[in-house]
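Next come two complexes, and both contain chain A; in the first it sits with chain B, in the second with chain C.
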Partner chain A sequence: MVNWDLLSNALVSGVLLGGFYCAVAVGITIAFGMLDIVNIAHPAFIMMGAFIAYFFNTSYGVDPLLACIVAAPFAYFGGRLMYRLYYLAFERHGEESLQGLAFFFGLLFIIEVGLLLIFGVDYRFVEARYIGPSIQLGFVSIPWRLLLPTIVGLAMVGAVALFNAKTFTGRAILAVSQDPGALRLVGGNPVHIKEVAFGISIATAIVAGALLIIIQPVEPSIGRDFIGRVFAICVLGGMTSLPGTVIAAMLLGIAETLTTTYLGPSWSPAISFGILLLTLGVRPAGILGR
Partner chain B sequence: MGSSLRIENIDAGYGAVTVLSNVAVDVRDGETVVMLGTNGNGKSTLMRCITGEVVPTKGRIIAEIDGVTHDLAGRPTEAIVDLGICLVPEGRRLFPKLTVEENLLLGAFRKAARPKISDNLAFCFDAFPRLAERKNQLAGSMSGGEQQMLALARALMASPRILLVDEPSVGLAPILVARMIDKIAELKAALGLTVLMAEQNFEQATRIADRGYVLVHGQVALAANNIADLRESDVVRKLYLGLD
Partner chain C sequence: MSLPHASDKAVGEKRSRMRAATLLPLAGMAVAIAIVFFGLDWVGTDYAYLAAYTVLQFVVLSTAWNILGGYAGYVNFASAAFFAVGVYTSVIVYKTVKLPLIATMPLAAIAAGLLGLGVGYLTLRLRGTFFSIATLALSVVMNTLVVNWAFVGGSRGVYVLRPQSIDFFGPYTRYLCIVMLILSIISVLIARAVEKSWFGRGLAALKDDEIAAECAGVPALRLKLAATALSGALMGAAGAPFPFFVTYVDPATAFSLTIAVNTIAMPLIGGTSTWIGPVIGAVLLGSLQQIATVTISSALNLLIVGVLMVIFITLAPNGIVGLVQKIRERRS
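What follows is the complex of A and B.
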């Protein structure tokens, strides 16, 4: 007998989780999908965002999401600076593949260790009015602490999609990795364009961090759980496609919640790698790959 | 208030390989000048020198844009494009995974072209109805002829003053070559452009050119003040018309 109550609750949770994964993955769709930058440190920046939210929430009582929205512009400029360094040290010499990977791996470790030294290994959480209450729709209950991240995640993808479709810089972001020389021939500077896009990518990670710590308690090393997820979503979605990112994030969210519900939580980390392998084997272009 | 180009005795190449030596070329306001030369004689290298993709080791390139003189030496490509000097490059260099329309909109990246983007888009769709029909198709999935039209239209989206065209005939069927050449002349007249075109197809190119040069082994073998002189010259008779 199917337990409809359990199934519908699992599906709704899956969609909500998927919305949050949009926030987590949108920056990787930009960096890895659009710019060809294998930023495996992306989840570390998400953790940084989570601890920024934690710090301002516990020290000054600031709303965790607000704290990270205010931090986002700083993250944007930090991201631009980081890309500059990466470009000057590696990309300019065509050494981005292996040494660039080592650069981001190093960054991942430095951030993680830094957070460990400052905040320790204990799980930390934040307090806000919307953590706790739920909306009851029939026999499905929707907790605000999951609904808010979903709304923010989808809004972030929507904002990036709008920016890419409607602005000159945004359209150049879509073009830059296809042919940087041709971008110069229409008057764009590929380094500047990638710098801006990478800044946006890091800013989204910081905001995603606030969403993460709203959803669940956080300690520095859980960022690693997201490495597989963000790349799985990016590849499954079709690398450069933002609608693809949304669909893939939803699919992963639903797949993880269903396995957690029916098989137990220990299976869920394997799901993203399963999806990644399946995509690469069956449809390497992803769902909406061009 | 004209737009013209003066290439003063440049040497250029790739690393240790010198391709162009002592090349001097003039393109006066409103002219269509053809740069003839068979494969590997340096036509594209010359184009890349003008756009700043290849930096000459000797000589100067001076552009006058609407009456203002600019020395192009040491400027990055995007700054040269920003002046209004736009290249339809060899191999088209479209963004294959973007749509026709996205490619065109990117053509208007240049600051001065941005306010004119909707007029220019309408102009391009009017000049190339095929592109309007295919505006949502990926550029990489278009036919060679359509891609060449798109490359030309993308350059026009920048509202150029000086248009450089590198071998528009490559890979096109003869009927399409003739149409493409006619189109360049038509657009040049409509927009008041100054045009420098590299081309191997002597008969087609000289239908629309005012004068021309012939590049042989990276040197100007002939600078002719009119098409008749070009046609009668020994070098053209030898290279193009199969006569000795």
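What follows is the complex of A and C.
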């Protein structure tokens, strides 16, 4: 017999987890899907966000989410600077494949070890009013610490979608992923557009970090578990598609909570890899890919 | 008749230069062997053997990585996973049939080679970045698999007993060191053979322009698969003696970040386009780390490797070998 109580709870928390994964993966959909920059250091920036939230929360009692929203503009400019460096060192020479990958790998590694040296290997957590209480709907309980990240995650995807649809820069981001030459003809500078988009991508990672530390305690090396997840979501969603990202994030969230519920939490890191390999092997274009 | 004569002379000069270029590394290898055999015996401590073992292990790993990464331009982030497949094949053999190490290593190589073939078959048909991303996730998955597999120790790890000494070779650490030395010579010879053959030229063509190479008749997928399997197999073979080296294996040591990072950093710092680059990178960085781990913390020491790697790929993309070539060109 199926235990409906257990199943519905698993499904609901799967959807909630999926909403959080939207926040985690939207930056990769921009950087990898649209700009073709294989930023494997993305999860490291998420961890950086988590520790920014941790630092301001424990030292000054600032709300973790607020801390990261304030930090996001700085991350945006940091991201622009990073793209500038990446462009000058690799992309300009067309050397981005091997050297670019190794560059981001080095970055991932430097950030992780850096956080390790500053904060140590212990699990860190934050305190806020919404961590703890939950809403009861029949036999399904929705904890606020999962609901808030879902709302913020979906709002972030919505904001990026709105930006991409309504502003010239946003439309140019989509154009640069299709045809940088044509973008030049209508008066856009591909390098500048990519710089802005990469800045946005890094800013979303920092905010996602705050959401992560709200959901669970973190230590620097758990960022690696997210590498498989973000790329699985991006590829499954169809690379450039924001609605695809949301659907794929939800699917992964549900798949992971079902595995956790029925097989145990130690198997869940393997799910994203399974999805990634299956997508690459069966339908590399993803769900909503062109 | 002076023209052909002159060109003959040029060819002869080129040949002798090439002969020097092939003799020099062989001489270097002989020196290395001499150092390991006599130098370590002269020092005589276990630590000397262990340090040499670690450096030689990295020579194998970075040489193996370079067959796919350097020659074909496909970045493999899962070196720790291939290494761990070798480690755990060895653990399984130890817990079941107890074959001697020499017989275990080919098994480990086959297991890791098959893993490379499988992952390669699924992802190598697509753009190179997908292969790299899949390998990134592969480490996490293999780690998950081992953590959940109680027979090989799970997350708690497993103890491996090794004999104190072995006939003819003396202390077991010395024996391990000699095994790794032989394996590193074999890997370097394989890498060199690949580089100089049609296989290596095919891979280089793929690196430059895959579509053009395929149009010219290079069997792209088959070459890439062969390179992935070969590179994975060598990494697996390098992992097989590891349980006897550390005597206690858990997922954290078998899948350690040290291996993943060093295996990529060493070829990139040494230079990826020739077989000598990874060897230079491994010997240099490996020995430096052996000294640094003793004097400063190991985390900081890894941070230095990461920073060095980023500096090199940004400013000297052809590594130390590239820098030396540039200096030579400027002189002549």
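Everything below uses one rule, namely that the second predicted complex is superposed on the first by the 290 of 290 C-alpha atoms of A that agree within 3 Å, B and C clash if a C-alpha of one lies under 4 Å from a C-alpha of the other, contacts with A are read in each partner's own complex, and residues count from 1 in each chain.
Simple rule for what comes next: contacts are C-beta pairs under 8 Å (C-beta built on N, C-alpha and C of every residue); 3 or more make two chains touch, one makes a residue touch a chain.
Everything numeric in this text was worked out from a predicted model, so none of it was measured.
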| item | value |
| --- | --- |
| Chain C versus chain B on the shared chain A, clash or fit after superposition | fit |
| Vertex chain A; arms to chain B and chain C (CA centroids, nearest 10 degrees) | 90 |
| Of chain C and chain B, partner touching more chain A residues | C |
| Touched partner set for A:A175, first chain B, second chain C, both or neither | first |
| Which superposed partner A:T240 touches (first chain B, second chain C, both, neither) | first |
| Which of chain B and chain C A:R92 touches, first, second, both or neither | neither |
| Touching partner for A:R184 - first (chain B), second (chain C), both, neither | first |
| Which superposed partner A:P284 touches (first chain B, second chain C, both, neither) | second |
| Minimal inter-chain CA distance - chain C and chain B, angstrom | 18 |
| Residues on chain B engaged by chain A in the complex (per definition of touch) | 51, 53, 76-78, 81-82, 86-87, 89, 93-98, 102, 105-111, 114, 138, 154, 158 |
| Residues of chain C that touch chain A when the two form their complex | 69, 73, 75, 77, 119, 122-123, 126, 128-130, 132-134, 136-141, 143-145, 147-148, 257, 261, 264-265, 268, 272, 299-300, 302-303, 306-307, 309-310, 313-314, 317 |
| Residues on chain A engaged by chain C in the complex (per definition of touch) | 38, 40, 85, 89, 95, 97-99, 101-103, 105-107, 109-110, 112-114, 116-117, 221, 224-225, 227-228, 231-232, 235, 266-267, 269-270, 272-274, 276-277, 280-281, 284 |
| Contact set on chain A toward chain B in their complex | 168, 171-172, 174-175, 178-179, 181-189, 240, 290 |
